[in-house]
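When the chains are written out, they are named A, B, C, D and E in that same order, and each has its own residue count from 1.
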Amino acid sequence: ACAGSQISQSTGGQKESSSKSGEGTVNIGFSGPLSGPAALYGERTLNGIKMAAEEINNNGGFEINGKTYKLNIVPLDDKYLPNETASNAKRLLQEYKTPIIFTPHSGGVMALQVFNETEKFLIGAYTSEPDVTDAGNSLTIGIPPRYDGYVEPFTDYAMKRFGKKLAALPPSTQYGKDWTKTLLPQWEKKGGKVVYHSSIDFSKETDFFTIVTNALKEKPDVLFIGGASEPTAKVAKQARELGFKGGFIIMDQAKLDFMEKITGSYDVLEGSVGVLPLVKSNDPGAPAFVENYRAKFKDEPSSESGLNYIATYIFVEAMKAAKTVDDAEAIRKHMQDGLDNLPKDKRVYEIPSIGDDGRLEVKRKVAVVEDGQIVLKVVD
Amino acid sequence: MFLETRQLTKQFGGLVAVDHVNFSVEKGKINAIIGPNGAGKSTFFNLISGFYPPSSGQVMFKGQDITRLPPNKIAKLGIARTFQTTHLFEQANVLDNVLIGFRLRTKSNLIDALFLTKRLKREEEQSKEKAFEVLKFVGLTNMENKIVANISQEEKKRVAIALALATEPEIIFLDEPAAGINPEETEGLANLIEKIVQHNITVCLIEHKMKMVMNLAHKIMVLNHGKKIAEGTPEEIQNNETVIKAYLGGSAIA
Amino acid sequence: MEIFAQQIFNGLTVGSVYSLVALGLTLVYGILHIPNFAHGALYMMGGYITLTMMTKFGLYYWIAIMISMVIVGLMGVLMERFIFYPLRDAPPIQDKIAAIGILLFLEAFAQFVWGADYQTMPTPYGQVVSVMGLTFTMQRLLIIISTVVVMILLFLFLKKTFIGSAIIAMSQNREGAHLVGINTNKMAMLTFMISGALAAIAASLSSPINLVFPGMGHLVILKAFVIIIIGGMGSIPGAIIGGYILGFAESLGATYISNDYKDIFAFILLVLILTFKPTGLFAKGGHS
Amino acid sequence: MLKLKGVSVQYGAYKAVRNVDIEVGKGEIVVLLGSNGAGKSTVFKTIGGLHKCTEGEIMFEGKRIDQSSPAQIVKTGIVQCAEGRKLFPRMTVYENLMMGAFIHRKQKKEIENTLHEVYELFPILKEKRNDLAGSLSGGQQQMLAIGRALMSKPKLLLLDEPSIGLAPIIVAQMFEVIKQINKTETTILLAEQNANAALHIAHKGYVLENGSIVVEGSSEELFADDNVRKAYLGA
Amino acid sequence: MTARFKQKAVVLSIVLLALLLPFIIQNDYFFHIMTLSFIWMIGVYGLNLIAGYTGYLSLAHAGFFAIGAYSLGILTVKFEIHYWLAFFLACAITCIIGLVIGLVALQTKEHFFAIYTLCVGYIIYLVIDKWESLTGGVRGLIGIPVPPDLGPISFRSPVSQYYFNLFFLLAAIFMMYRIVHSLTGRTLIAIRNSEELAQTIGISTMKNKLVSFVLSTFFAALSGILYASFIRFIGPDISYITMTFDFLIFLLVGGIGTLSGPIVGTLLIVWISQQLQFLQDYRMLIFGPLLTLLIIFYPKGIVGGIFSWKMKMQEKKKRLSMSAKSATQRAEEG
């Protein structure tokens, strides 16, 4: 009971999202894994949001109806657990009145979808999980692109260059499974053959030699791998050690540039087809973003950071267009305006539109490794 | 026959700890088992009370074969025991230690607990009465609230006996009840054992204190290397050459 | 057949790492009678310290490993002194929770100091060797050989030296150890030292084939527990053999049964073993 | 040789030993009598450093030892064979004996000799040398405990109720052994319930009641003391 | 007698406070956390019964929690069974699985039991994680219903959820109280203290252990069911070992083998970890050592610590009054 009174005390006072005077603060919530095994991922998503907010604030905030607002990001750790996400959201709503809450995992999003429509806040859902946007929740924005668009260009390239035999070694995450479910039929439809299929659990596997050995005994031409970049790179490296000469289809979660850091060179990844790394992107906002990110976080930017960065800008633009900072429904309605009004130099990705389901329709860029170089292959 | 063993045998690996022992307990009497260290006396008790399964042979109690019964079933039939090293709930008080002894005669279960039935109340009362009764019997009135860890060795032995008595046994097996107890107190304990027999509970004990055994026992069995080497009245045993050589030594009574 | 041989080799590699981790765990269990849930964190620290020594201070691989063994060993000692020693009279569950506290701390600490990202440990033994159609990498051979050497040394130490026997004696009866003049505090610290050093060497050997990251301890610790249970807790040969059993079970299970379900098989194997032998395969007899 | 001056020991608030003075001369056998809970074992543990005394001091060969750790005390030559034996149950008899020689671990030769002596005293230990200590019977364990204590060649041997749970024939042997050990210039402090036998081999005795010394004197004096006779000799 | 009375008064006032809280505080977040704490507490009581009172540390607790939650989820979402029927069935399913597992697991003892159940828990996790067609795999189950309206009462608002779960918590506590203070409870404690001795005095240890184990799984299931219909989304994470550790931490910090320990521990840890949120990434840097220190300084938990402190005070008082008495006596004599 005493803890409760503490909370209610901290509720009152200065954290109100707006006041009548000329300056206001918009609190944006974030609930993601900041400790434990997924902390790295959580941090990278948060970094993008933080960076956007900082830029906006440094530029004097943004103005709506004559009033200047600054962003205040309130990050809470949920250890990747849905119930913690729900608790955090309740807290963010109660204490900070956040109109938007970012969450980078599907479990958290689903836990929030239970009450986000009644409590009227937007979910910035950084997850490719289709269920999240297919469920018809009117206040969920799906940030990353759906993966299914990658399947065809990946398949075509790999099959043409290396051959028809595919061994699939996706990660045992839901995303990996969904990817596989789309990729394999596509591969077979194009006349290919799936010679081996088994998933790797990166959170439990100490060594990939065993599974790679088994995959290679079927003499595949192409290996389908993916998951977090670094362990994925290890899988590729070990496949080479075991004598694999073919190509890799790399699921979009893994980034070629991060993988290269592990393998030491792009030679190991020769013949890979994957998503274009942000650092190689020629979208108008990308170079500046990459540079600023490196300076700020002493780390390479990834799409997690980039997409959340741009999403934060889009939300702000949508607020401006909707002329409100707290009416979630109005903000949602003006998301397309937000996309349209997005300044050119912030366009780290090309996002022409938002779907009816609330998913941002990010343009997909495919990259391949040829002769030890990353080459931009297809733009859809 | 009241309780008897037929060709009871226990092997530990290559060692035959109890070797084809035939023994019958005389009802209402004090039966003693003596023998050198490692003769297999404690093991013999463990076989009867169901703690070890015998390698071969049988244990019969009132005509029933109890050889393979688990210890709790055997206890229910009315066979109680104490351990060589006193085995009590050290952190609980004396009453709580003894109270639970009557549990095997009660029937209340989880449902009774949840609904606080009459039966539970009645049985709790009975357990308490029983506990007070046996504590009084062993001479520990007014000790019920003492924590067991804080009472003396001899008192612990009495608590152990009280606990065994609370199960309402017909026969009680005592493994070296007088070990670590001084002569004065040993006498008190001997009196207690006699009192137990007077209350129609058969006693079977292991003891190294010959004076006590010879005074108390009606019948003695001597084990050596797991084998029964002699059986008889104290007089017979004291004069048995084999026993003297194997166990008693020159001065028959230490 | 070739596949079989290759998988035996793979199982041997993984099993070696498991055994080393399990050995440290089982030693500490023997002394303190508590499963040290923070052991995985020591493993992780071992990986990071070796890595830092190599990358930040430019030390040679083996020197870095030595330093890491010492540092992690000392961390083990500190853990014993400040956490397990004060808790020596408390029931064992308390130790488990205290250990979990340390685990949380060390993981957060690693994340704080080294960041949450994956890092690679370079190795001077990157070569790939192919013999009769089997692929070895030097690093993997190294893992297997070093593990055997470490085990033999440990065995000789425990069986053939007085200090080693004193550790075993103490694990069986602390007061008895006092009575013969063994300084039990020193022995407990020594045991933790060894346990930490074993974790460090296991991590340092296996890191070049995997990655270094704050959660890396989780990969091995649960399995290490399974191993010491299969082997009979506190049993040293049990930990070694259990480690290899699990290594082979995994590699062969993944090959001939199913890769996706091999974990389930490994754990069901354990449950079956315990069902029929409730105290593990190598539990020692005797009572006191 | 050993001198306890005004020693008191507490368990929490409970005073188990009060203001005890004991003196053991070199080469003597001194017996400590007392009923259960009188505090005998507590005195022993305190001498061995397993408990700290709250008051008083303990001197051994002119040096204070009451602040020393158990291991240090063993090194000075005081070894005890404690109540409850405290063996290493999953080590063999041989290994247990070897551990007894822990403080002399550098002198391999002498250890061998001592081992022979111990085997001679207790042939059963030699017979069972490869068995686990935990599987021995109570009496065999007691012998092993004494044997282990002897392995460290103590100057002063503390024996806490060595006859507990032993067959009469063994008890008699045991006291013989104690006498023999004493002949090899080992001083012995003995706690016993079996007062009769103990006093027969002892030079001197103390009677402890409720943590305090109530009677002390040579064994003859104690034999002659009426109270002692009544309480401990069962006569 | 007066002590009993005082205790009752304290308990009653706490219950009253819990009941009145919604009238005092209006804060959804607060009620959300409290409700979640109530749900945890029920699970912690289950663990307390088997680990605290019977002496068998079950590390499969999160597994049973998850079985309860998933049974409800699957029955309501996939089979569209009526909520209360599913509720009942979920309890029954968990108990049956608990019975089967208990029969085997309880053959082992001490650490073996702990690690054995750890593995059982892990198997449960793996099964939930892999059996996609039934459990939804990694993706989990969405859209678990809240309890249907009971007449005019709906269970959708935070406050009604609070009361709903408080009701079950009070019921659970009441059950625990009755069990612990009955012959059954004494029997369990006897087993905890020494199983060998319990057997020689005729207690069927296996049967009693089994009863305790199954009951503990029942509590776990109840907790899981309430969780599922509160969060309304479940994933395999809830069966993972970290969850068991959380239960264990709640229990230990509060005081294992005590009736109020689960409440104290859960509230304390849940709120501490909420209050440490401002530390963000460094939360565990503080929480870990804090937990360790709590355990070192209160090895019997907060409640155990308070008990010992009380005992000490009582002793002191006794001694004081005794010396006072002897002083007055002396004075009278003098």
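Keep this in mind: contacts are C-beta pairs under 8 Å (C-beta built on N, C-alpha and C of every residue); 3 or more make two chains touch, one makes a residue touch a chain.
Protein identities per chain, from UniProt: C, E = Branched-chain amino acid ABC transporter permease; D = ABC transporter ATP-binding protein.
All figures in this text were calculated on a predicted structure; none of them were measured in a lab.
Shared contacts of subunit D and subunit E, meaning chains that touch the two of them, come down to B, C. Distance from the subunit C centre to the subunit D centre is 42 Å, each centre being the mean of its Cα atoms. Separating the CA-averaged centres of subunit A and subunit D is a span of 74 Å. Taking each chain's centre as the mean of its C-alpha atoms, subunit A lies 37 Å from subunit E. Computed from the mean C-alpha positions, the centre of subunit B lies at a distance of 30 Å from the centre of subunit D. For subunit B, the set of residues that touch two or more other chains is empty. Looking at subunit D, one finds that residues 135 touch two or more other chains. Counting partner chains per residue, subunit A has residues 35-36, 39, 43, 172 touching two or more of them.
Listed by label, the pairs of touching chains are A-C, A-E, B-D, B-E, C-D, C-E.
Contacts from subunit D toward subunit B in the complex involve residues 14, 35-37, 135-140, 142, 161, 164-173, 193-195, 197, 230-234.
On the side of subunit A, the complex with subunit E involves touching residues 1, 3-8, 11, 34-36, 39, 43, 75-77, 80-83, 86-88, 90-91, 93-95, 106-107, 110-111, 113-114, 129, 131, 135, 172-174, 177.
Partner subunit E is touched in their complex by these residues of subunit B: 49, 51, 70-73, 75-76, 80-81, 83, 87-92, 96, 99-101, 103-104, 106, 108-110, 112-116, 120, 123-124, 127, 163-164, 166-167.
Residues 12, 34-39, 42, 84, 150, 152-154, 176, 179-187, 208, 210-211, 246-251, 253-254 of subunit B are the ones touching subunit D in the complex. Interface of subunit E with subunit A (complex): residues 17, 21, 25, 27-30, 32-34, 36, 132, 137-140, 142, 227, 231-235, 237-238, 267, 271, 274-275, 277, 280-281, 283-284.
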